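First chain written, first letter: the chains are A, B, C, D and E, and each begins at residue 1.
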Amino acid sequence: MRRWRAWAWGALGIVLLAVVWEGYKALGPADGVRIGDTIVLPRTNDLAMPHLWTMVQRAGEPVTSAPGAAPLWSYVLSAAWLSFKVALIGWAIALVVGMLLALLMQRSKIANSALLPWIVLSQTVPLIALAPLVKRWSSAFHIGGFAWADWMSVAVIAAYLAFFPVAVGMVRGLNSPVAAQTDLMRSYGIGWWQTLLRLRLPAAVAYLIPALRLSIAAAVIGTVVAEVSIGMDGGIGRMIIEFAQTGSADPAKQWSPIGGAVLMGLAGAGLVALIGLLLKRYRRAEA
Amino acid sequence: SPTATQPATGSGSGTSGGGATKKVTLQLQWVAQGQFAGYYVAAKKGYYAKEGLDVTIKPAGTDTVPIDVLAAGDADYAISWVPKVLGSIEGGTKVTDVAQIFERSGTTQISFKDKGITTPGDLKGKKVGSWGYGNQWELFAGMQKAGINTDSQISLVQQAFDMNGFLNGDIDAAQAMTYNEYAQVLETINPKTGKLYQPSDLNVINWNTVGTAMLQDAIWANADKLASDKDYQDTTEKFIKASIEGWIYTRDHPQEAADIVAAAGSTLPAGHQLWMVNEVNKLIWPSTGGIGTVQKSSWDQTVDIALHTKDNTGKTIITKDPPSDAYSNVYVEKALAELKSEGADVMGTSFKPITVTLKEGGK
Amino acid sequence: MNPVLRSRLRVVLAPLVFGVLAIALWQWFVTARNIQPYVLPSPSAIWEQFTGSIDIIRDAAITTAKNALLGLLIGTLFGVVCAALAAAIRPIEQMAAPTVVALSVIPIVALAPVLYAMFGAAAQTGRVLVAAIAAFVPVYINALRGLRTVLPIHRDLMRSYAATGWQATRSVTLPGAVPFIFTGIRIASSVAVISALIAEYFGGPLDGLGISITSAVSSSRYSLAWAFVLGSVVIGLLFYCVTYALEALVTRHRA
Amino acid sequence: MTVVVEGVSKVFPGKGSDEVTALSDIDLTVGDGEFVSLIGPSGCGKSTLLRLIADLDSPTGGTLTVFDKTPRQARLDQDYGIAFQQAGLLPWRSVRANVELPLQLHKVAGRKERVNELLEMVGLSDFADRYPDELSGGMQQRVAIARAFAEKPKLLLMDEPFGALDEMTRERMQGELVRLASESGAAVIFVTHSIPEAVFLSDRVVVMSPRPGRIREILSVDLGRGVDRGEGLREDTSFFERVSAVREALHGGAPTGVRGVETR
Amino acid sequence: MTVVVEGVSKVFPGKGSDEVTALSDIDLTVGDGEFVSLIGPSGCGKSTLLRLIADLDSPTGGTLTVFDKTPRQARLDQDYGIAFQQAGLLPWRSVRANVELPLQLHKVAGRKERVNELLEMVGLSDFADRYPDELSGGMQQRVAIARAFAEKPKLLLMDEPFGALDEMTRERMQGELVRLASESGAAVIFVTHSIPEAVFLSDRVVVMSPRPGRIREILSVDLGRGVDRGEGLREDTSFFERVSAVREALHGGAPTGVRGVETR
């Protein structure tokens, strides 16, 4: 019942947003509202704000006029699916790296002090600077018949953005058990590994889930940016630059990759919710 | 499906050269589009295969520097503009321009008629669009040649992939490739008339006319390998030959070439694609010294601009003359000789571009 | 040695030692293996470029930092105001929920071109807004949580004082949410910098760190590119440290 | 009468149909200046009863009056001061500002002097400009008590205010409270778990029993008022007698020492 | 001897040069099966002493032995069971699994039976499959105590295990503890704030004073063992006498009832 009400309000919010969009488009000046030279409310012309129905209609039409071209929506959907798979792999890498770092930082205070500032610092390096290097390094990998593909570079870059929340959240989670609990483990004379397994990991779950939510959003964003930067084929990133080239003549088309990206984000959030459900046992305290 | 841009692989039937096929990778400087039609055609039509080459064509992303991919050994050949490469060469990258496919520059600066910008000098005090990425040098050279102080007398605007900034009036004069952005504008409805924008609405500054044009799409090869590796020299010649065959076919069959590019995964609308192929043909044909040969005068003009033009960061592309192996006509001349002996028209003297009518959205 | 002193030393020294070692290893690797700058520029080369082009880097950094700061301020303002509305009226929160989730996953590369079309491609507005949107999400989420976590005892206290809604908001709800808001701002600070920087790709005046990085890369000047990256790291850290210090300041009396 | 509770009951809606009857049919009167303690096992409704009197919650049955008004009116008129087990100080306000809070909200004049007086009263003048996190638990609780006394209420409601303190501090605070209450002439309703505390402080001890919350017995203590209750009292046999009486009432005749299955 | 503490001191490094001397020159022996309580104001080092015995921390001076071994060896040999004020249950484990935890970690055989026995002992058999958040505070504490008894230790260390319980539950638990301890023959070192609790439970009460933590006095209670300590004892004059004696030792001759300025 309350679930439904939340959904209903959420849907109403989206409708409201649509009404505001169209309402402003109808009433606002084509060239936007300016204070001095700065535009403070957006332009309403079709280049800046296409009609919502134009976007929807455009999504139903074929991507290009080439015979047999798929409708735009299905094209976006399969691009989003491809990007999402890459994002998931990046996310998986981020999970492993983030957790390992967290374990290391939990294990050793020195490691914690030494690494944490650099982990924070790592997130101030723009992906666009990193992407070409990663691609470069990865192509140096030629182990046997294994050839590094573009999507792997993209996944690595997505992981670079996504590991941060996991590492930070996980450290906090691993350190969350209260003194009574850690002392108890010590009194049992068990070592770090057993304490980790029996106490710290289960206790960290409650902190891990929100971290995962942030992390998967970061993975999605990282994937798309890296696709653009590296030039990976077939995903939402490539779609953004390709559609931009017809962005002026076919402005509604440019919005569909945004829809695809949002879809990926929502799917990610859904996935995390599912994981949260699976680990419900360890989240009793939250309820 | 969007994954259609599988690396286009020469799957030719007639392997005449005999022996095993040789794997070759070509790094483009952008995504698959008509600009690179010749290579896709050569692959599709089996010209590479005929030379015993198995060519993989790799599109680029925004941050791909083709010449570094080449230098790192991740590609055997790369397509890039000469001014973008000269700096890399001065930085120690050992590459050689082995075939100057585009003889003319496709870069222009376009503006709406009412701005009254007909010469580079008129850009003074205007909001001027620039792509950066090494695409900006002809513009800067042109403005500086007209006596404009590019640090203080214009305001520079970063130009995106689309032409919205130009159409919305944020940019007075925008960079436009004849084969791409210029068409984008002409494919757009003019809200004032309800019809497409017309060429008559626009003023176009063409750097070829101004005299600050620089050499654009060329095939680059690894200089060190060229100097030492006989096999690579051989392959280079074959690669150039097959590529030129592709361009010749493109000249003669623009529509088919456009379709081949689309089949290789380009999502540009068909009309736009055809326009691009046709415009690119104009940059190649008719050829002065045979397609692919570097004209010394054009090279020198490019180098001269690279030595003396400062962009917004206050730096010139290069500070001293490039080494002598920065370009070489040796391989292209051999390739041309072979092609001529096979009866191919490598000059395109009688080339007549087709007429492409642009429709809304490039359809 | 006194363990407290030792822990202080550890906090300062350990990252320094780690950093110095990592940079030394990096330098050694590049020199010994003769790595090309397009594979990995050496720290010394980056530093050389950094000091050599410090004026250009400073100018670029100031432009980007200004956009990021303005964006951070706008994002924070909107974040807090919207959170206040959402906290006061639950349907508003529920209505905003899908939009906020969507905002949090829209890649900057998709958003920026659209904003330039809306707000002008020759102005900094698009960049500021990209930073503002990126900053909005963490501030909104944290502020909302803060406004929602009024201790029951404080609520009872206000009721027992027969305090008006506004009095309760002013004396309990808002001050109670302040640490949460600052946590949000701290998270938003580095995101704002990165976002403002990436947005430079797609329009706006030809200045800033993002454009400088790519234009250096496109002419294979990798050491210079990384000198600009260093500039962005400095800005990012500056933002982080300032917001961190603010957070520490406002939460100093909280248990 | 300070407080009159008649036939009051409180039912909390639980999940589904599991209602919780926190209070059932409670009758209680508290006279002016009287010190009444509520004692009983966890969950017997002590806090609930206090909250009903304070109008922090409303009864599902019966009537309450506070100074012959509705609890709501009494709350709006600021007729009572209240303190909880947690001091509930605002961590961003100094000690002084915390004590000042109710005065400020009600725009009382002469605040500065009154606050100084209150801090003096609880012996925290030297800590006026400190912040709560700089105080010990006992000191925080004293700030909360000063705050409760701020508007010189004729009724003090206290819900286990000393529950979190150690024995020595607790005894000292009990002594202070007895003094303050008798000096100010305020009636006090005091929730506690500690039998000696209830006995030491109160004129009457209300013993409650759970499921549903009822008053089992009301015991008069009659050990004198205010200053009469020195520390010596704690070692007096009359004191031990009352303690034993309350214990017995609490255990309610049920054989003591038996291991019962406790459910919530 | 179960525990021998000789000349033990513990200094914690504070901020800068502000060291905290938590314990100074402590001597204490606890015999086999003896029940010893530690009482004293907050911060006098009760928990610290217990933690040293449990080898959860190490002394800065003096020596400790537990069953004639080092505390470390005793810990590794699982010679003691321990319980804290917070039950410290693992919220993701059922009651049964929580009690089973030490047995599982030490791979003890016949766990299921032992757990049933322990749950029976603390009267929680019906709640074996519930989770901690479904239990009241008192029930949680009983789970923690069952867990401490799991491996039949000859020494039980308890740090205010009943501190969070209400008076009635607390008294019931005290009775149970006395029974369990005497049945199992285990020695107990018990930290508390409550004088009646210490007196009711112990053979000897160790009264400590703070800054620095020292033993002020050790009082023998001599009220009989185990079952002898029925609920009736609490209303016995001999009981009140001991309570008063401990009170006085605690207040350490300082005139009581004086309002002192408390600092931390």
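Heads up, the rule we're going with is that contacts are C-beta pairs under 8 Å (C-beta built on N, C-alpha and C of every residue); 3 or more make two chains touch, one makes a residue touch a chain.
The chain list, named the UniProt way, goes like this: A, C = NitT/TauT family transport system permease protein; D, E = NitT/TauT family transport system ATP-binding protein.
Since this is a predicted model, take the numbers as computed values, not measurements.
Common neighbours of chain A and chain D under the contact definition above: C, E. The chain with its C-alpha centre at the largest distance from the centre of chain E is B. Across C-D and A-C, it is A-C that has more C-beta pairs touching.
Chain D and chain E carry the same sequence, and matching their CA atoms takes a turn of 180 degrees, rounded to a multiple of 5. Ranked by how far their CA centres sit from the centre of chain D, the chains are topped by B.
Chain A and chain C, compared by their mean Cα positions, are separated by 17 Å.
Computed centre separation for the pair chain B/chain D is 86 angstrom, with centres defined by C-alpha atoms.
Here the CA centre of chain A is 51 Å from the CA centre of chain E. Among all residues of chain E, none touch two or more other chains. Annotation for chain C: residues touching 2 or more other chains are 38-39, 113, 117, 120, 123, 201, 214, 217. Within chain B, residues 62-63, 65, 68, 72, 160-162, 164, 168 each touch two or more of the remaining chains.
Partner chain C is touched in their complex by these residues of chain D: 51, 54-56, 75-76, 78, 80, 82, 84, 86, 88, 90-92, 101-102, 105-106, 131-134. Against chain E, the residues of chain A that register as touching in their complex are 178-181, 183-184, 186-190, 194, 198-199, 202-203, 205, 281-282, 284-285.
Contact residues on chain B toward chain A in their complex (touch as defined above): 1-5, 31, 59-65, 68-69, 72, 74, 160-164, 166-168, 180, 184-185, 187-188, 191, 259, 262, 265-272, 360-363.
Remark: chain A residues 5-6, 9-14, 16-17, 32, 37-39, 42-43, 47-49, 109-110, 113-118, 120-121, 123-129, 132-133, 136-137, 140, 217, 220-221, 224-225, 228, 236-237, 240, 244, 247, 251, 254-255, 257-258, 261-262, 264-266, 268-269 touch chain C in the complex. On chain C, the positions that touch chain A within their shared complex are 7, 10-11, 14-15, 17-19, 22, 38-40, 91, 94-99, 101-102, 104-111, 113-114, 117-120, 123, 125, 190, 193-194, 197-198, 201, 209-210, 213-214, 217, 225-226, 228-229, 232-233, 235-237, 240.
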